[in-house]
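Got a structure for you, written out below as structure tokens; questions coming shortly.
Chain naming follows the written order as A, B, C and D, and within any one chain the residues start at number 1.
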Amino acid sequence: MKIRYFAWLRQRTGCSQEEVDPPPDVTTVAALMEWVGRRHPRFAEACAAKGVVRCAINQEYVERDATVAASDEVAFFPPVTGG
Amino acid sequence: MKIRYFAWLRQRTGCSQEEVDPPPDVTTVAALMEWVGRRHPRFAEACAAKGVVRCAINQEYVERDATVAASDEVAFFPPVTGG
Amino acid sequence: MTVRVQEAPFDPGAEISAFCSGDPGIGGVSTFIGLVRDMHEGARVDAMTLEHYPGMTERKLEEIEAEARRRWPLDRTLVIHRFGRMLPGEPIVLVAAASAHRGAAIDACTFLIDWLKTSAPFWKHEEGPDGGRWVDARESDEQARRRWL
Amino acid sequence: MTVRVQEAPFDPGAEISAFCSGDPGIGGVSTFIGLVRDMHEGARVDAMTLEHYPGMTERKLEEIEAEARRRWPLDRTLVIHRFGRMLPGEPIVLVAAASAHRGAAIDACTFLIDWLKTSAPFWKHEEGPDGGRWVDARESDEQARRRWL
């Protein structure tokens, strides 16, 4: 599974993307966020603040209950501020 | 008094502006329109149709009951269609 | 704050580039450009002539612009309106509003064109295959104006 | 229907002049230009860097544009959005919508920028006298988006 991090979340994980292989019980975005939080404690801090971490799977916005698969590109980022 | 006509009202009076000297009892826009209608019968026709003839005195929109004076520049025109 | 009423064509892009430049306090610029269409109510339009009331036109446009600046915090405003004869595709009017934030710029620009349409003394005369005709005022323009009352 | 996501600067006026030209069926063109401001919430801004999500950005902008074209009868639409580092006064984004009538052009343009602000994956990082900081999302942008739901 490929995970990408953007903006200040990228600064918290220290990497813009990584290839990971989470255990089989990590099947949802919520579970993946917990698992990633164990790898990157400062990511876990951000997740503790409500509404701050957004997720996309294969470049589509998803909620916490969305299913993740090994072949997915998952992205975590703060609320967007373009325009 | 100077009267100016615009757009198809100008075509009905046959002139774009004229200097006139209406009698002293012509003190309102409504009275002036009647008086002008006697000079220009096709102007009177237009006035018979409701809401079609607009008036400005000294370049400000006015209603039928506004007062006209000999020194005024009065203009008659259809609803505006710019932009 | 600029109002120009002119017979000469203008280049909307060149005007807008100049309008956007030179003030780094501006965060948003909203513009509207009105152009001569080649069709109107199903009939071909070969040319359009805009008659106006010189003097009153400038006065009304300046009033409209002043009203926009009373209502919104604007850094700049611009109104350019042509008169005379023009061909399909040519710009007739450009309105623009600049502000620190986009909401004010967008609302002011919409206000400027809605208000201008119903109070600036211009009259459109179209030439087509069946000769010339004066364009009628549209009720939808009055409705657009009333949104701002 | 055009979406461009690019690092290079662009000239909004040149883009708009081209956008207005060549289709005499267009009666109204509405545009919005967003620019880098030299102040933000009272603090000086020396430069801004826009990070984006390559691929998803283009996809989202194309969805936004397609949605605008579903909602309004548009002849043309244009979205140009920069990424990378830029200085105060530089254009960040241009959206434009062209239609036979002004109401559709204005509403579509406002929709495009409101929707883009809340769904295109861009993140602003500002440099100022106290170093760098990430710009927070604004509740007013969410409110602007909800007008169109």
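Note that a contact is a pair of C-beta atoms (placed from the backbone, for glycine too) under 8 Å apart; a residue touches a chain by one contact, two chains touch by 3 or more.
Values in this document were obtained by computation on a predicted structure and should not be read as measured data.
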Listed by label, which chains are in contact with chain B and with chain D? C
If you average the CA coordinates per chain, which chain's centre is most distant from that of chain D? B
Suppose each chain is reduced to the average of its Cα coordinates; what separation in Å results between chain A and chain B? 72
Distance between chain B and chain C based on Cα centroids, please, to the nearest Å. 26
Roughly how far is chain A from chain C, going centre to centre by Cα mean, in whole Å? 48
Touching two or more other chains in chain D are residues 34, 102, 113
By residue number and range, which residues of chain A touch two or more other chains? 83
Sites on chain C touched by chain B in the complex: 34, 50-53, 55-56, 59, 81, 92-93, 113, 116-125, 134-138, 141
How about chain D: which of its residues touch chain C in the complex? 11-18, 20-39, 88-89, 91, 100, 102-103, 105-106, 109-110, 113, 140, 144
Chain D partner contacts - residues on chain A that touch it in the complex: 4, 6-8, 10, 56, 59, 61, 75, 77-83
